[in-house]
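Take a look at these structures.
Next come two complexes built around chain A: one with chain B, the other with chain C.
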Partner chain A sequence: MEFQSCVKIINEWDIVAARQLGRNVAKELGFGTVDQARITTAISELARNIYLYAGRGSVCIEKEYVNGKSGMKIIASDEGPGIQDIRKVMEDGYTTSGGLGAGLPGVRRLMDEFDIDSFPSKGTKVTAIKWIR
Partner chain B sequence: MNQIVFTFITHSRDYMLEEWMNLMKENADERLINVVSNEMFVQTSAEFIDMIISNTRRNNEEFASKLSDFAEKVVRLGWPLSFIIEGLHKFTLVVINGMVMKEQVTKDNQMEIIYDLDKWTSPMKQEIISIYTQTWERTVSLQKMALQELSAPLIPVIEGITIMPLIGTIDTERAKQIMENLLTGVVKQRSEVVLIDITGVPVVDTMVAHHIIQAAEAVRLVGAKCMICGIRPEIAQTIVSLGINLNEIVTKNSLKKGIDAALDWTNRKITKVEE
Partner chain C sequence: MAYRENMKNKYREALSTYLRDQTEQALYQGQKISKKSIEHNIAPEEIINIHKNILMDVYPGTPGEVLDSLDFLLEVMMGYGFAYREHQSLRHIQQELKTEIEIAANVQSTLLETTIPNVDGLEIGALSVPARQMSGDYYHFVQDEKKHIGVAIADVIGKGIPAALCMSMIKYAMDSLPEHRHNPSSVLESLNRVVEQNVDPSMFITMFYGLYNPENHLFSYSAAGHEPGFYYESATKGFTDLTAKGLLLGVDKKTKYMQYEKKVEPGDMIILLSDGVTECRTSEGFIERETLIEFIQQNIHLHAQDIVNRLFKQLEKMQHFQLRDDFTLLILKRDV
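Our next item is the complex of A and B:
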């Protein structure tokens, strides 16, 4: 692991801090404006999920270098209530908070790789990667 | 205060200043060295030491005003609080070391001297911390107010057409305010068409989109038409990827196109006047 920086999500403004960090790293790595927007939006969704459902957690950004490809990895983890039915939250339009229900499935579409791990009452960890094309 | 300590402190100012500056420079982080010039550092350090010394003279009023002046100054200079507290701590060390060197500290009186120094520096520490936090709290509340002032103005352009330009991050509180301003404004100004311009919104995620959709829906309910302008290409792409449905809302990529469309809806157009 070459580089990792984290932002703790405790209040609503930490979402902005996480987003800002992501945007800076994405710029540094040479992502185009569209991909920068995708990455920041994905971070925003993940950080907001932490804020809304778990109360507190963290968003970490890593630079990834695999087989000559470089990219950016987002790890959003919390020790919140966890997700009961992962298949359901990955469906478009499913929401428990009255939102649009597009967050997690949206993040999966915004990023190249997506992985979610969750244990009820233990917490949730979402990992997503975007490669530079 | 103990007479020996008092005499020492009031008589060896220059020695202490020099020792203290050396100690502090050794431990200072780069951030501070970068923002503060050497002269400034020496000058402010001297002021700091003088201020601490003046506190021994037991003139509380003079000390209090000096302390708040000093705190204001270092806050303005951008000295971190940790540095100042560290400085106060180091100062105590310098005093003890100096007194040990002069062999004024003996086995019998060492505890007394340490207690004395502690009793003397603790209130100073308290005071510095409280001045610092007061300054911060003030700054934060002022900025919050400033942010609220530029939150969500509703601007009438032509009779029946109003614009709400949104700039910056939209959080829950702002979203509420936007909705309120929008609805009261639309009714008060008898708008027929409202243009919400999101050129200045850096990120449109599902929450922001949700608030915009709700606002548009509410505007429709009070009898006006709503249009979203300033959707940049990259925002358009992320909205599509997120799978947000904006089909019910008219959208334009620039405010100019939005105004053109709004004029069209209200059966008007802008023409050049022939001379």
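Our next item is the complex of A and C:
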């Protein structure tokens, strides 16, 4: 692993720090303005989920180089209550926070790759990658 | 990608024109671009970025603050982009559900299919139209070995898919009735037991069952809480309610049903309906039973099937083509 940088999410201000980290790395990697905004929004959503539902966790950023492609990986993990029914939270129109359009399906659409693991009472880990076009 | 380049050129053209002369024409171009962009799945945040880049190009003197403000706007629009994509995905799901329900509706209509028997001296008209794709109404004709015509009309309280599922069971139960038990009261008593045992307690079914004997022209019937039909007496040209007392199906398994009898004279008509006919709501409230009678009278010279069709057309129009409940109407008319 060549580069990894993490932000602990404990209070709402940490969401801003995670966004800032994500945006800096995205810029550095050469993502365009729109993709920078998409990556930042995805980080924001994931960090917010941690802050709202798990209480604490972290957002880590890695640079990815695979087969000549370069991209950025976001790893959002927490040791919160976990998600009982992953299929349900991955369904559109289902959000416990009630915010329109928010949530994991939206994050998945903003990114190119998306993976989620969650174990009740153990925590949740979301991994998402965006490749430079 | 080809669309994007083309769109950017059009955007540049329309924006430059607008910045120069503020014409309505340029604004109209802008509207066309937004339509096309939606078709090609271009997200709102992307439009802002395109706008910013083109603005820098055609108006190099744009103050830095204005350009920065567009980056800010882009961030604000992210939420809308988010919601927009969710909307598109939900629309896709809705389309799939619609297709699935259409298939289910086809399965249902095959399942509930009934043939209108051809009987000398008796005209039969029947029409059933669901309010949504699937119907909670049901009608059925059977002709037994003695050539008696059994006619059933049933209505599940409620509509849509739950009602339709429930109705399929009634049809199955009817098909399983023994041949010799086509007496209206015993048909209802059997079905009542089936419904009581198998259906959710919150679901009720109303039903009317009649048996027409083409030899002596006696019509015997029983009803389970069903909307009363009409009887038209040709001799007096008068309409009376075809009332029959009886509890809804599924309330109490010991319910007994009264059986009534009527001698059908030449020109007489038996009109059976579901409450979707009488509860047809117009801007002036529910339609009156008298109004229905008037409509029937206007068309009384027609064949039973044409009366039914005409009546439906009239009621459909009165409701501005929005059915609120499943609609079923049956007419049996003894030839003069």
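Following the convention adopted for this analysis, the second predicted complex is superposed on the first by the 132 of 133 C-alpha atoms of A that agree within 3 Å, B and C clash if a C-alpha of one lies under 4 Å from a C-alpha of the other, contacts with A are read in each partner's own complex, and residues count from 1 in each chain.
Definition applied: a contact is a pair of C-beta atoms (placed from the backbone, for glycine too) under 8 Å apart; a residue touches a chain by one contact, two chains touch by 3 or more.
Keep in mind the model is a prediction, meaning the values are calculated, not measured.
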| item | value |
| --- | --- |
| Simultaneous placement of chain C and chain B on chain A, clash or fit | clash |
| Chain B versus chain C as contact partner of A:Gly123, first or second or both or neither | neither |
| Partner chain in contact with A:Arg48 - chain B first, chain C second, else both or neither | first |
| Which of chain B and chain C A:Pro81 touches, first, second, both or neither | neither |
| Touching partner for A:Arg109 - first (chain B), second (chain C), both, neither | both |
| First, second, both or neither for A:Asp92, with chain B first and chain C second | both |
| Contacts of A:Trp13 with chain B and chain C, given as first, second, both or neither | first |
| Chain B versus chain C as contact partner of A:Arg38, first or second or both or neither | both |
| Stretch in clash, chain C with chain B, out of 1-9, 19-27, 37-45 or 199-207 | 37-45 |
| Residues on chain A lying within both footprints (that of chain B and that of chain C) | 33-34, 37-38, 40-41, 92, 100, 102, 105-106, 109-110 |
| Contacting residues of chain B [partner chain A, same complex] | 169, 171-172, 202-207, 209-210, 213, 233-235, 237-238, 241-244 |
| Of all residues in chain A, those that touch chain B in their complex | 12-13, 16, 19, 33-34, 36-38, 40-41, 44-45, 48, 92, 99-100, 102-103, 105-106, 109-110 |
| Touch list for chain A against partner chain C, complex | 32-34, 37-38, 40-41, 92-93, 100-102, 105-106, 109-110 |
| Interfacial residue positions of chain C with respect to chain A in the complex | 43, 45-46, 49, 52, 71, 74-75, 78-79, 82-87, 89-90, 93 |
